[in-house]
Each structure stands twice: as structure tokens, then as C-alpha cells.
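Shared chain: subunit A. Partners: subunit B in the first complex, subunit C in the second.
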Partner chain A sequence: MMNEQKSKSLWSHAWDSLISDKLTVLSMIIVVAYSLIAVTSALGLIAGDWSQEVGPSYAAPSSDYIFGLDIFGRSVFAKTIKGTEVAMSVGLVTGILTVIIGVFLGALAGYFGGKVDEVIVWFYTTFSSIPSIMLLVGICFIVGKGILAVYLSLGLTSWVSLCRLIRGEFIRHKDREYVQAATAIGGGDYRKIFKHILPNVLHIVIINFSLQFQVAIKSEVILSYLGLGVQGVPSWGTMINDAKLELARGNWWQLAAATAAMMIVVLAFNILGDSLRDALDPKLKGK
Partner chain B sequence: MRFPSLLLFLLASSLLFTSCTKKTDEKGKTLYLAVSSQVKGMDPIYANDRYSGNEVARVYEGLLQYDYFRRPYTLAPNLAEAMPTVSEDGLTYTFKVLKGVVFQDDAAFPEGKGRELTAEDFVYSIKRLADPKLQGLGWWLLDGKIKGLNEWRNKYAELPKTDYEEEVEGLKALDRYTLQFKLSKPFPQFLYSLAMPFTYAVAREVVEKYGDEFLNHPVGTGPFAIRDGVFKQTKKIYYVKNPTFREKLYPCEGSEEFKEKGFLKDCGKKLPLVDRLEVNIIEENQPRWLNFEKGRVDFVAVPKDNFDSVIPDAKNLGNDYKEKKIELLISPALDITYIAFNHDLALFKNNKKLRRAMSLAYDIDEANKKFNNNQAIRAQSIVPPGIAGYMESYKSPYRGRGRKEDIEKAKKLLAEAGFPEGKGLPVITYDCPNNTVSRHQGEYFQLQMAKIGINVKVIQNPWPELQKKITTRNVMTYGIAWSADYPDAENFLQLIYGPNRAPGANGSGYDNPEFNKLFKVASVMQDGPERTALYEKMNRMAAEEVPWIFLVHRQSFVVKHGWLKNYISTDFEAGISQYFDVDKKLKKETLKKL
Partner chain C sequence: MSLTSYIIRRLLYVIPVLLGVCFLVFLLFNVVSPDPTISMLGKHATQAQVLELREVLGLNEPLHIQYFNTVKSAFTFDFGRSWSTKQEISEMIKSGAIPSATVTFPAFIISFLLSVSISLFVAFYRGTFFDRAAVVVCVTLMSISSLVYILVGQWFFAFHLGWFEISGYEEGFPDVVPYVLLPILIIVVLSVGPDVRFYRTIMLDEIYQDYVRTARAKGLSEKVIMFKHVLKNAMVSIITYVVLKIPFLILGSLLIESFFGIPGLGGITLKAVNSSDYPVIKAMTVLSAIALIIFNLLTDVLYKVVDPRVQLK
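Our next item is the complex of A and B:
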């Protein structure tokens, strides 16, 4: 009996190449760990008591208070964890919003071309010419400050680059043989877009998502630092903002905790994004 | 990826900033001042906060001013020749306006030459404050006090255009230089109001030329003029010496304490003493402080986080600061910080018990430690120490100090108010300005209220935005401070006088008929033991009614560089920069050491 040699799919190829690199694996572990922390914190299992006073104001890091305490004697460690929840949720929601808007508009523009394309291209060019920080501030004023404003403002301002990429890919793919074949057997536009072409450009979405994730985290920190971000919940940005005053007293721990937490996850996402691109983009293979 | 480039831009601009201010060999003298808040604009009738008022007063002037070198605070003529003559019934005030005073040169005048100031300008400027179309923020000051002015205001509230030609009985220019006020009732604080930026003289031509943009085109008679003639709403405001400023001389008389300290040795010099002003708007404490330490700002209030290192024993400067010839000035401030309730909301309006509970739950001692280095005085009620009406030994029964009994009492009151353990209460929002210390104060309030089960949400706003929210009643609670406009308890009590509600000074909208009645009586009384007794009664009433959560009366800790001369801490800062001087030689030497 002949042994069936199963050919490997793109995805399992990609998986193999991802786990063969130690740094990538480490990054994945970090991202998973952060996600777990965020989820357990969101469920209230950890850091739910971050607002409790646990010791004297500005106690230095010690065995009792692992990352030290802030002005109100709250644990900087708990605040960092709560900040992780905020950061990861912002990354996730923004990423999803970006994907939905970017893919939808990009697919429409690329696939239909003509007037539809013109309108969408005009729209995103105009949109991207507005300085994004101004747009963020504007949105904050409309929906009010808070996590919703952060989700919306970041999600609504960062879809343009993905939209451009998807549009380009759709233009390339729409005249390929497999699409023509789909047309020949009577496939409609909807079917061709979502069943045929989209799976073939999905790798771009994934790469973009992972890169977008860390940009969103950084942006959230900047917004919160400026006082435009989340309100009433700790965020790495507000922790760094606190540090402006604390450094005058020589209290470095809140700054250190927040920046370290941010640096690790942003670096991990960057490495992961790079590896994903290497693994998923056939054009880059072997380079 | 636009944020990194924004950061780069900020970095680059801060580098530019350092390279610009390093110049020390410029001609003439320049003052470098730091202001901690954004400035709304340069129109006197909208200058209802201290920061805008101070900027307005560099360019504009009023009939009267506070004598910079006298304590207790005393009024002195400025654009008036002398103090007014007052009729026997105390209702008619006649001023002689100084002759030969000219407005700064501006394109609004014929051939660009500033014309002479006349009594008519004051009539116009004060009518402007009352103009219903303009909604001047200082109207509360004169509301119901000048004969015929309220009628004039009400009449034009209905009509499409305000007619400034129509005469008002109580506000007349008898001739070119004679100005007469007729009051509709005695108003002992009337003269103080003529030293406030709200009533400063503007020129009609300028207002009419620039229209809405007048806010950014200040043209006054004052010692300084804004550079290039336009206020650009930026973080730096430049002024130059007004070349057509009148012969105003540095005073030769003053209180003994200032004579002894040599503050009067510039006697007889022509004001202003410096050629330029550079006002830096720096909202955050640390950048402001670092700029001071580097010598880029001449004086600054000591930020709370640097307090221990700058003033180790809470009285004297640390040695390394003394060596740099830095000097410390400590003085009590005529002010109060507070958290106001919005009394438009039924939640607070009809619920004295809730307000009392919240006040009791707020631990003022801990707040004093955290935010005022334990140097402020706990406020028992609304009137600060230093003026009649303050009661030294009075203790408010609703002043929380973090003691166990305070919390228990607060919980009990909260239950009686209908919200046992906070159940049934909505989330209470707290609005505050946009800087780290204000946010911490908000978070502190949040933590204090959590102790009795009340949920508070902190919202930060830019300063002009916060003020707008308060005047449009778009807040639940907010944290703010009030500094005296004039040294009289009336100026504090009027903050909770019902008819003064926003856009007047009563931002919280507190309205209590009983209090209003007392206020009405006291506000027309001359200074004396009877009035003081009434003030005290109202002050006690305020403490028991808890219209706000009273926090502290602050102490000001200001440090200045040795090269800045003639600086005195005062509660009334309008116009004082004309007396400042800079010792350039000392500055050059000191800068090397910084």
C-alpha cells in the first residue's frame, strides 16, 4: 500500500517556522502570559484590590511591597497588572476595529475598482491627512473621556494602512485564474470576495493585527499620559504621569514598573510580528 | 506610527526652547515669569480667573490699585488723580481722571496714535461689563449696585443691539476728566471693585475695530504692551515696555516693614523698571520648577514634591539654595480650596445630610500632608484667616479628619439621607484641571468617598474648559480654589449667595433664602463690629450647611532668585510686575553657578 505523503498547508508551514525560532517562542509565551494576566484581572481574580491602601505613602520596593507603593499607599504591582488589562484590551479592541474597517473598505475598493475605488481612496487619503492626535482629541470631546473614547479613537484612526494593503492585494488577486474560475462556475461577488480572495490575503491581516496591537498599546500609554486616556483606572500612561512628580522625591519605582511592563510586551509583539511576516509572506521566504 | 514622530517633534522644540533662552547679554532688562495655567484671553470683562486677570493687568489699568508697599492692603489711586470724593449719604462717588494718559498706539486710532484717556472711557468700559450681549463674567460685581445700570442691561437683553449712547443715571462723565458714580444702595466694597481687572479701561475704537478678536488685541494704558499687538494663545506671552506710558513713579512711601527691608530705595524712578516681560505658561509643577532652578524663570511657588528638599525645616531654605542666592518668601494666602457640589441637582440641593456625610468622610489632615506639606490651615468654613468674619476658635461639626468617629457619623448621615452604605447613589463625577496634582486630589477624594461606599469618577479638563463646564452647570462636583479679589469676607460669602449663581461667581449654584437675606443686609453695611458679627453668623451657617466641602486655606511658599528685586508676595497681583527690577550683573554671575 502506498503511503500517503500529506502535503503541508501554508498554515502548518508557518507554525513550524514560528516555533523553530527560540526568540519567537519566547515572545509568544510573553504575549500569552500578558493575555492571561489581562483576562484574570478583567475577571476580578487578581489586582481587584488595587485601590486599597496597603501601606505608607511612597514606600520603597521591598519584600512586602514588591514594586513599592504610590502616593496613596496603593500597590504599584497591582496597578501595573490593572494597567496590563487596560493596555491589552485597548490593543485587542483597536486591532479588531482596524481589521473590520480596513478589510471591508480595502476589499470593496480593490475588488470593484472604478467609482467605488475612487470614493474609498479619496476617503482614506482625506482621513489620513488629518493629524491623528487632533482626531483623537476631537473624538474624546464627543464621546467623553474614558476607555470607550480610547477604543474608538485608536480604532478609527489606524485602519488606513491596512486598508491600503488589502486594496492592493485585491487588485492583484481579482484577475487571477482561481477567481476567474469562480466566476465561470457562477460565483457571486460576495462569494468571491469572502470565500476566495480573502483567505488568500489573510496573512497580511494577521501580520498587521500583531503590529497594530503594540502601536495601540503605546498610543494608549501616550493618551493616558496626556490625561486623555482611561479615567479612574490605572494605566501605564497615568503611572508615568505620576512619576513626573515622584522623580523629584527620588521615587523611581512607578516609572520603572510601568515602562518595563510596556517595553516587554511591545518588544514581544514586534518580534512576533516580524516572525509572522517571515513565516506567512511567501515573497519574503528565504530572505 | 505618528506618535513617535510627535515625540520627536516635542523633543526638537524643547531643544529650540533651551537655545533661545540662553541669551543673557541682551540689551535692557527682561523679566521671566511662569504662570501655571492657560490664559483665556486679554479682555478685562472675561478675566474672572487669577491667571487671565494678571495678564490683563499688565496692559490695562483701572481707576484704583492696591498700594503694593502697604499692609494691611490699602487702595491707592492709579488712573484717578486722587481717591474719590464721597457724598454724605455714601452713594455718590466723584473721581477726577488723570490728565495726559494715553492709550497704547494701535491701528484702531487715527494715524495709529493712541488717544488720551477720558472719563468717558470708564463709562464705556463699565457699560461693556454690563452689556447683556457680551455676558461679561464680572457682572456679579456690580449687579444691582449702580443706579440705572441694571435697567439698562435688562432693556437691551430684549433688543437686538445694545446702545451705549443711552445715559445711565449712576454712571456719568460730567466733563472730560470727571467721572461720577451713583450707587443704588450703599456698597462698602465698591472701591475695591474699581481695582479689579473687570473694570479696567478699554478704548471704544479698539473694541469696535476688532470685534470678536478684541480678546486677542489688548490696547490699554498700562506699563506694558503685548509684543506685535496680538495675543496668540500660545504658551509664551511676550510684552514690551509701553513707550507712551505716563510719568508714573516708583513710590517713596510704604509700610515700615518694607521700608526697613529696603524695598523703597528705587523711590522716584520711572515705571516700569524693566523693558520686557516673557510669560511662560507651564502647567506642570516639575518643568516649572526645573526652569526656575536653571534660572529661566525669576520666581516660582515651591511645588509640593520638592518641598522637603527645598525647605527642610518648613521655615528656611536648604543650604545649597541659599548659596545660589535664592530667597524664600512665606505668607498666608487669602484663599480657600474646596470641592463644590452642583446645587442644580436635586441630589445635592435637597440633601444636607448627604453633603455633611461627604464632608465628614473627607480626611482633611491627610490631604494637608499629601498636598500642602502639612502647611495649610484646615478650613472650617468659607472665610479665610486674616479678614473680619474668620473665627479663630470655631470648629465645624462636619469637618472630617479621618478619625473613626468621623467615618461612623458620616455613614450614619448617609443612611439617614436615604443611601445606606452608598446604595442608590449614582456615580458622582468630579471635575478638575488637567495636571497631575489635580488628578491626585481627585483620586484622593475618590478614595475618601469609597470609605463610606460612594463611587466617584474623576474627570480632567483643560482649565478654560473646566470653567466653561462650571458656568454651564455641566458638573456634579468639582475641585477648585478661590483667591480674594479684595480683603473683605463679603468676597468669599458672595460665592454662595443665591442671586450670584453662574455665570456669576457662585459656580455651585447654592441658594439658601435665609443666607441670602443675611447677605443682603451685611453687604450694604459699613465695616464695624455689627457687620463682623453678621459675617461670623453667615460663616457659621456655611459651615453647618456644607454647600461645599471646605478644604484648606493655603500658605504661599515662593522662592525667587536674588537678581529679582522688589518682589513682594501679595494676594492682589494685578499690575505688580511694573515694580520688579532685575540686577543684571548679579544674574550673570549667578547663572554661572546654576
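Our next item is the complex of A and C:
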């Protein structure tokens, strides 16, 4: 009972400190807004007609065409929204993959130690010795270009740092009194890992998820630019790629729309990640 | 544990990691990746042609031999020939390393000096408007895609203003300058954001330590504290962070090199990716892994040498 109340107060304390900062609240609103746009776009409620020709090629932004039109006379605004859907889904899926792999391997290594630890440490040392761009390329070759390749390659390459952190935390926690108490009343390994220790290291997962989200969005843009990313659907990366040729003719709006759309959400996640760290990581409190 | 036995142990650990890297590379490019002969010969190739090409490329060997060959290449640096250009890969790497380093090395030095100075300055004025503004600028700089810096930089400074060459490369010292100046500048701008933010955190970690309070209590000036105490201790973390960037200097920047037409290793890699040139991709992967492993080891040893308080495990 006591424990339950205490842990609740930690989270509510963190929440209070989060919403007391205006910039953090603004970031949260931005993230929620982007998520809503992504979901409604995925359901086909908005921007479903992004591939329609709505006006002359390269019409400049005006009251008719809010972000202007691209080479085929398609609305840059609709493409930006479709790109939001891609970016947010990439952030979410790779974030979830990272958490699953990182937490699972990190928990096993830290909790069991010994041979299990050695194997997992060897595995992630090996993995992190290969530059992630090369792994991305390899995975793209195997599953074929497309959104699946982006999900898998980003998810499979970004779990190492979380795994390291979680392993370290489990090593610190596994001999604490509360875990010994759990052993004394007959708690099994599974129960101790997931019910007892994991809630105590959850803040690291949350902070990491928030920062990982924006790294994934940035990487998706580069992958799509390199031609290894999404195919057939607009993404901010392909929009920037188009802009490579447009800029010399003075058509700046496609580049501006994609850049601004990406910058706002990445900035929001950066600020949110920092605030989460300040609110949840007691070691840094007061700095 | 003594330093020597630590170094020996770490050196021995390189072997299983390198074997693991080779295995992953082998798994990715020799086992699960799609048959390269299809993309090389086109759809209408006959069965005999495919078999012949597979024989030439060494793909008909048993898998354990193919794995052994991958491992062998990692130790002998003999990666065979490129499938698309038929050049010796080790030669390609040798000729690509210099253009890559010509761009990355000056950028590395400049951005290191710049970032450390800015972060010292910012840490000195911590908590003030300056500090907050610097952090906001850093995070904003980091939130813009690196593609945009390259695109806009190339368009504005090289195309619009004509200050630099738009793209290309020339060998020899004075000739090379107009080609590499803008790429260097862009790399510096790209790395200043994250670096300043990271160094600032490290310095602030140090500033709140007890020894700084002691120094202040002794009556030392803030300047002496910053340069003699904080910077020295922060350097331990900064060095370990910086050394790990060195392998990437040799590898070059994929995007920068392709945009500016610099014939470095990044450009070679990107070309290989686009033409499914597996031996080149494998060679670059193994090579960069070796570089990363070595510099990782170096960092750990350096860490110990610079800071005797670090416990060896």
C-alpha cells in the first residue's frame, strides 16, 4: 500500500512539474496535434486526395493554394499532411520496437548477469560496431524498399543505447532490499523483472522513447531522400528531394513546408524529452 | 588490474566482436539478401548465364567457405574487386580516403574548438538569458534536417552568391580549397548544435561538484575555476566523445559527398548502395566496424590514462 502511494506521488509530481512549464505544455500540444493529424490522415479523412491535380504546375502559395503546388499541380499542403502520417508512424513503430528489444535484452543481461550478460553484451557490442547506415542499407536490401524497411531498419538499429541503460539500471536494482523482499515471499524471476524492477526504471524508457521518436523522424527523411524509404506516398524526405531541382528555379515552398513541418515536431520532441528527463530523473533535479 | 593486462584483455575482446561483425555482414549480404545476379543480368538472363556469374562471383561456394572468406578479408584487407567497376576495392578505398579526410578533418578540428569555446562561455553564464538562448538555438539547429542545410547552403552560397564551387573536386592544395570550403562549413554548422549542448551538460555536471565549491571558497576567480578546474575535468568526457567521431572522419559523410561530388569513401559507398555492389558495401561495413572497434578501445584506454580514478573492470 505504502509503495503504491509513493510511486503514484512520484508520477504526479513529475506531471505537475511538466505542466508548470509553458514551453513543455506547448510541446505536448504540438505532439498531440501532429498525432491527431496523422491518425485522421491514416483513416483517410484528410489529405486522401493528395495525388489529385488541383491547379497549374508550381503555383506559388496564395489564398487558393495555401502551401503552393508541386510540379504536377498537386497540393503541397496535402502532401505535407501525408508526410506527417509517414513521419509519425515511423517514430511510433521504431520507438516501440526499440523499447521492446532494448528493455527485454537489457533486463535479461542486467538481471541474470553471468553468461547471459556476456552474450548480450557481446551481441550489442557487435551490433553497435557496424555503422547504422550500413545496417539500414542491408535491411532495406532484404525486405525491399518501402515503409516496412524503414520501420525494421530504424527499429533494429536504435535499441543499443536503451539496452545499455536498462542493463545498468537492472544491475543497480537487482540486489536492493525490495527485490530481496520479493524473493523472500517467493517471487519468481519473471515477476521480479517485470512487476518489481521494471516500474522503477520505466522513466528511462519514457525519456528514451521521446528522444528516439525525433531521431527516427530525422532518419526517415534521410532514408527517403536516399531512395531507400517510402515509395509512392509523399514523405518529408521525398519532398526535400524534389526541392533539390526546384530551388534553382526559385520554387521554395515545397522545401519550406517539409522543413517547417519536420522542425516543429522534432523541436517539440526535443523539448519534451528534456523536460521529461528533468521531471523524472531525480539525479538531475535542481540543476 | 594493471593497465597492460587491461589493454591485452580488451585487445583479445576485439576478436569475438570482429567475428560477430563478419557474421552479421555475411548474414545480411551472403545469406538473406536477394540474389544479386538477377539485378546484374536483368530479367531475361538464362539459367546458364546466372550460374556462370554466380561461379565468377564466388556465390556457389558452400556457406561456411563464404563466411571464412568474409573473415579473411577483415584481417587481410583484401576485399576483392568491385562488381560494377571491377576495380580492386582496397585501391578504391585508398584513393577515396584522402578526399574524405580533406573535408572531414578540418571540419572536425574547427567544430571541436568552436563547440568547446561556446560551451565554456555558456557554462560560465549558466542560468542567464545567454545560456537559455544558446540552448534554444542549439536545439533549433538540431531540429532542421541536415539535408536542408546542404541544399540551402549549396543553393544560396554556391549557386546564388557564387562564393564557392557548386560541386566537384580537384587535387592539390590551393586548387581544392573552393570545392571543400562550403562542405566544411556545413559540417561545422551541423555538428555545433549537438556538440555545444552535450559539452554544456558535461561542464554543468562538473560545476556543481564539491571541488568547485572548494575552489570558490578558497577565493579563486571564476575564470581560473572554469579553465583550470572545470575544463580539465570536463575534458575527460569530452575526449572520449570526440575520439569516437574519428572513424567517421575517414568514412566521410555520405550526404555531403554525394551533394558536392567529392570522390570520397562516402560517395563510393552510396554508389555501391545504388548499384547493389555487395563486395564494396561489405568492405566498407567491415572496415568501418574495425575502425569503430579500435577507436572504442582507444577511448577506454585513454579514459583510464587521463583519469586515474576510473576503475578498470
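As a convention for this text, the second predicted complex is superposed on the first by the 279 of 287 C-alpha atoms of A that agree within 3 Å, B and C clash if a C-alpha of one lies under 4 Å from a C-alpha of the other, contacts with A are read in each partner's own complex, and residues count from 1 in each chain.
To be clear about the criterion, a residue touches a chain if its C-beta (ideal position, glycine included) is under 8 Å from a C-beta of that chain, and two chains touch if they have at least 3 such contacts.
Source: prediction; values computed, not measured.
Asks: Looking at the combined model built on subunit A, do subunit B and subunit C fit side by side or clash?
Replies: When both complexes are placed onto subunit A, subunit B and subunit C end up clashing with one another.
Asks: Should A:Ile71 be classified as contacting the first partner (subunit B), the second (subunit C), both, or neither?
Replies: first
Asks: Does subunit B (first) or subunit C (second) touch A:Ser51, or do both, or does neither?
Replies: first
Asks: Identify the partner contact of A:Lys218: answer first if only subunit B is touched, second if only subunit C is, both if each is, neither if none is.
Replies: both
Asks: Based on the superposed arrangement, let me know which partner A:Leu267 touches: subunit B (first), subunit C (second), both, or neither?
Replies: After superposing on A, A:Leu267 lies in contact with subunit C but is clear of subunit B.
Asks: Regarding the shared-chain residue A:Ile166, is it in contact with subunit B (first), subunit C (second), both, or neither?
Replies: neither
Asks: What is the contact status of A:Thr126 with respect to subunit B (first) and subunit C (second): first, second, both, or neither?
Replies: A:Thr126 contacts subunit C only, not subunit B.
Asks: Can you tell me whether subunit B or subunit C touches more residues on subunit A?
Replies: Looking at subunit B versus subunit C, the one contacting more residues of subunit A is C.
Asks: State whether A:Leu255 touches subunit B only (first), subunit C only (second), both chains, or neither.
Replies: In the superposition, A:Leu255 contacts subunit C only.
Asks: Of the partners subunit B and subunit C, which touch A:Lys244 in the superposed model: first, second, both, neither?
Replies: Touch partners of A:Lys244: subunit B and subunit C.
Asks: Quick check for you: in the superposed arrangement, does A:Leu154 touch first (subunit B), second (subunit C), both or neither?
Replies: neither
Asks: Taking the options 133-141, 169-177 or 295-303, which segment of subunit C carries the C-alpha atoms that clash with subunit B in the overlay?
Replies: The superposed arrangement places subunit C into subunit B at 169-177.
Asks: If you lay the two complexes on top of each other, which residues of subunit A touch subunit B in one and subunit C in the other?
Replies: Overlap of subunit B and subunit C footprints on subunit A: residues 131, 133, 218, 222, 227, 244, 247-248.
Asks: How about subunit B: which of its residues touch subunit A in the complex?
Replies: Checking each residue of subunit B against subunit A gives 1-3, 6-7, 284-286, 289, 303-306, 308-309, 370, 434, 436-437, 439-440, 443-444, 446-447, 450, 457-460.
Asks: Tell me, which parts of subunit A touch subunit B in their complex?
Replies: 51, 53, 57, 71-72, 131-133, 145, 215, 218-219, 222, 227, 231-232, 238, 241-242, 244-249
Asks: Report the residues of subunit C in contact with subunit A in the complex, numbered from low to high.
Replies: 16-17, 20-21, 24-25, 28-29, 32-34, 139-140, 142-148, 151-152, 155, 159, 204, 208, 248, 251, 254-255, 269-270, 273-274, 276, 281, 284-285, 288-289, 292-293, 296
Asks: Which of the residues in subunit A end up touching subunit C in this complex?
Replies: Touching subunit C: residues 122-123, 125-131, 133-135, 137-139, 141-142, 214, 218, 221-222, 225-228, 236-237, 240, 243-244, 247-248, 255, 259, 262-264, 266-267, 270-271, 274, 287 of subunit A.
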